[in-house]
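Each of the two complexes below includes chain A, the first together with chain B, the second together with chain C.
Moving on, here comes the complex of A and B:
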């Protein structure tokens, strides 16, 4: 069971992510409100009181980055949760039972797998409308295809193995075979998938809010901050710099945990014939 | 070979039909009526019926689906709800821009990553190889729109190599259009280059350890000959698959990058039509993008079959 070895790279990833979480939590003792506009501070550069500077409405960018990062991570967390639960379920059922339902579902999944998750999320946002809950749902659904494709192949491989056949022979209930016997044996893929999904989610979320169809103002995520900052890149480049660095660090952390793989190359690597 | 092409082509058509059906069904099931949205307070039973028949919404589901599917071949996707124009004439220009952007960044990826990947595999453990590890990991983590912002700042504002936001239409100045597109293409390409290098290097090293490589080495090949005559042919295959996949991804990054460089492409149109719930435009755009992705994967399969005869069987 305990096959998860931690390489140095993964340790570094974990440290980065812990730092990012601390950074968000420190936001609670930062007493500048994230939406307080102050016309004396408009486009003021970094100072001791406002280490990241102030934006075009005189809002403290440090606080906005902290709360934005928090919202991005929360959205991604719940989306990954939705994607994981449904993706694993669909993948497990398709891989384990096979048959015509599997043929049908996996042909749909194959198509959706090749469409970038940002684009899928865009389609679902257009259906649900924008807002924090809708965005989470859209991103969650967008991950399901990739996740279920990975899990399907794993379950398909496992079901041919001796231990599953034995379990079937002594009438272990199917749900127990699926989630108590097989799932722990595919932990490595499972965990890797979660990190890749997290990475994709943060990236897609940032992309969506960068295009202005993410959370609604006055809430802001990292993508919103960056798109606001884009207009002032000439006069206030620090507005871009700090949220961008935060986003890059966060993605770097998750990238290191998933060894920088994407769903596509993880899939092709694992299931090369 | 001919049989293989036909088989793949039929598969392409089937996928296209499934995708378009799912897409159409999804938009059919959305709550809310675009006719009522458009008319607002002016809605009377007569105006509703008139607009419905004008947009063809009074026809049965399957009739509308088949006319939508036919739109792929005749390039006629009906009329936009907000612009009142033909959807395909709205999309034509934007598609060209995005296609140019994707092709350009794909070229950059291939030209940079293939030689670099081979070089790094050949000099494993050397200084460049050690240096590339962390650089690669970082480059992979930078989203392309953030890179776009950095590039705008560095090359647009500091070096003044291009004017930020100064998009040149390809109709007025084609060379200027291509020159302007270099910057967004580089922004899209850099994270993909990092991934590609890593994959190619990994595959070459993996292939080089196999028995046939050892045999070839024993027969008197030197490293270079072994690499180019034997190993590379096998190692390049997964890389080609991967390049096909990133080509699909590029359309996705492209629609975000457009916002950074204010390019009037598919992305802006998609966002606008999504927020105004202009479904014919959204449907057509998503289908076009899906078609592009399928075409890329078809091409990837063809290239595979050309390089590796085993695939054709």
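Moving on, here comes the complex of A and C:
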């Protein structure tokens, strides 16, 4: 049996993430819009019909958490995608070529790195206005520096190895060496980087929404849900509790998935057997 | 054994540290009060140059004009002991109050009055604080304690312009009024620290009854989320303009909650340069679609008062209650009007709201849902306060906005002048020939009754022409620690601390 062997931690992570996806998908069964207001339900606690309770406009918090989680994950997914593509590209060029290319690109990255990523995103949003697209781009750009740093060091290590030297000798085109020969050998770092970036992204998105920039109301993300609930933390604690629990679970899931033995090792073991 | 001893020692150490923090901070001097205010006071200290409503709100306690408003909206004598108005309503003769003193201990002289009037009326070459003062034609010192102000044309509301912080009397020999703050009010200014506090102290030689609490500190609490905690924790004793959420967090047995109104005209202001809003049917349709009572139910638990036009109920004689119900929600009629206006399927619009005002953001959310009923698709754009001021109010680059507009003094002029074609504060670019005529008649009327009638006419025009979607005068919740009592509302945006007393 050539089964992919995973640690229990990873299995738990995968189960949590699947549950989260199901949770978001279940939201589509509830046909009520997420901004449906109801005067009679203002600040009503959890009940059978509204298991997460209702907020200060009488909107169902369960439905809002479901759609909010979906939007948060969507924003983070595309941000990580942007960050990964550009981060890997810059990191690969720096690490592989070295010299003046490295000096030039690395100094730009260093400057970007010295600015806190949240501040960077803030500057971006204030320049280009708020909205989902801007927020995604801003978060994506904020990911690039750390990603390219990691990839640079990996590529630097790999280029000294025999297989790369051989490939160069037989005139394999450079882009092939970079992305077909070296990249699969750094998947361990690569995959972990993605998970960490994803985690950071969800948190940063929550932070941005918390500061009132990002998506436009009445659209909800986990961040806006938490910031709106902040004022009611004493009188209606469930407004904070449920979205916060969702966020914690999601981060826990990704955290478990990214830690411990890497996928790459698990994957290689499969072939050894 | 050794391990155990270390553990015990360590826990003792930890316990001492924790207990050390438990000092009794409640043992404050009962003769002082700390009031939380939402914004930093970084304005000029010259009352004639103060811009922010929040600054004038607290400096109402430091500065007085010749006359001042009382909590019932009457105009009562202040620096002047009495005022006589001539038969032709063109000459106002003020008699200086006997023995009145400035905060630096010097007596107020007739020269100080002359200097101040010339300064705020713009007769010394500076900008007048209000265009209404351009009407002043002469300022004559008649004797040591009498001064006369002559007007070019009669203005029944003239005294109400004088009854505001911006027309305060300040000493002539103060070389640096921007930084040295000397007035005649019941409290004197002591100090301020940026983003921390402003300190006032009771003025013992005040001519009137004066305040009862000796030391007043305004603590600047810019984070709305912490205000309730600061009240509960006792770092502040009082706070005005609380939101529904903040009020809910307070324990009722510890605080007296006063409920009044903010004296603002909250509306969905429509920029008339945006194409759909140029059509009166569209504007009326929007008014029929919106239900102000529902907005209040969501935003402030049903409190607040509907207005129907740019006058709020505390304006007494100028307020026409019949205008409130002109546009009772009627979706069918709204759809009909919208079709008549050329938009049978509705249109897209943006509502720009300042994100630091929860009430306005919440109102915009409810409005979005109500406008959706007739097919208008509104997008909410949250901007920070500075952006709102520069882009919306000054730049007039917006489609619609939810905001509350306040009145600088007790005359209807203060609320209505901004809708005159081409006026300075006309941020909605409203223009209506009938309105301009009615307003002109109101300002030039010699009799107060006549003027009132024309101002009411102006308000009616704003209502029937559906200039904006008028919503409410927001409720204003004030929390006062039960150690104190006596907060009083004014029909203006001011906070009078001289009424507040310590409960014996």
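Methods note: the second predicted complex is superposed on the first by the 250 of 273 C-alpha atoms of A that agree within 3 Å, B and C clash if a C-alpha of one lies under 4 Å from a C-alpha of the other, contacts with A are read in each partner's own complex, and residues count from 1 in each chain.
The criterion applied here is as follows: a contact is a pair of C-beta atoms (placed from the backbone, for glycine too) under 8 Å apart; a residue touches a chain by one contact, two chains touch by 3 or more.
Since this is a predicted model, take the numbers as computed values, not measurements.
Student: Examine A:217 and indicate which partner it touches, taking first as chain B and second as chain C; both and neither are also allowed.
Tutor: Touch partner of A:217: chain C, not chain B.
Student: Going by the contact rule set out at the top, does A:234 touch chain B (first), chain C (second), both, or neither?
Tutor: After superposition on chain A, A:234 lies in contact with both partners, chain B and chain C.
Student: Can you tell me whether chain B or chain C touches more residues on chain A?
Tutor: Ranking chain B and chain C by residues of chain A touched puts B first.
Student: Which of the two partners, first being chain B and second being chain C, lies in contact with A:56: first, second, both, or neither?
Tutor: Second partner only, chain C.
Student: For A:123, decide between first (touching chain B), second (touching chain C), both and neither.
Tutor: first
Student: Tell me the contact category for A:86 with respect to chain B and chain C: first, second, both or neither.
Tutor: neither
Student: Does chain B (first) or chain C (second) touch A:114, or do both, or does neither?
Tutor: First partner only, chain B.
Student: Between chain B (first) and chain C (second), which, if any, makes contact with A:97: first, second, both or neither?
Tutor: neither
Student: Give one of first, second, both or neither to describe whether A:23 is in contact with chain B, with chain C, with both, or with none.
Tutor: neither
Student: State whether A:190 touches chain B only (first), chain C only (second), both chains, or neither.
Tutor: Neither partner.
Student: Using the superposition described at the top, list the residues of chain A that contact chain B and also contact chain C.
Tutor: In chain A, positions 130, 212-213, 230, 234 sit in both the chain B and chain C interfaces.
Student: How about chain A: which of its residues touch chain B in the complex?
Tutor: Result: residues 9, 107-108, 110-111, 114-119, 122-123, 125-127, 130, 203, 206-207, 210-213, 226-227, 229-230, 233-234, 237, 240, 244, 247-248, 251-252, 255-256, 260, 262, 264-265, 268-269, 272 of chain A touch chain B.
Student: Residue numbers of chain C touching chain A in their complex, please.
Tutor: Within the complex, chain C touches chain A at residues 224-225, 228, 243-246, 248-249, 294, 297-298, 355, 358, 361-362, 364-366, 368-369, 379-382, 384.
Student: Which of the residues in chain B come into contact with chain A in the complex?
Tutor: 14-15, 18-19, 22-23, 26-27, 30, 136-138, 140-143, 145-146, 149-150, 152-153, 157, 164, 195, 198-199, 238, 241-242, 245, 248-249, 251-253, 255-256, 259-260, 267, 270-271, 274-275, 277, 282, 286, 289-290, 293-294, 297
Student: Show which residues of chain A lie in contact with chain C when the two form their complex.
Tutor: Within the complex, chain A contacts chain C at residues 35, 37, 39, 42, 56-58, 130, 212-213, 216-218, 230-232, 234-235.
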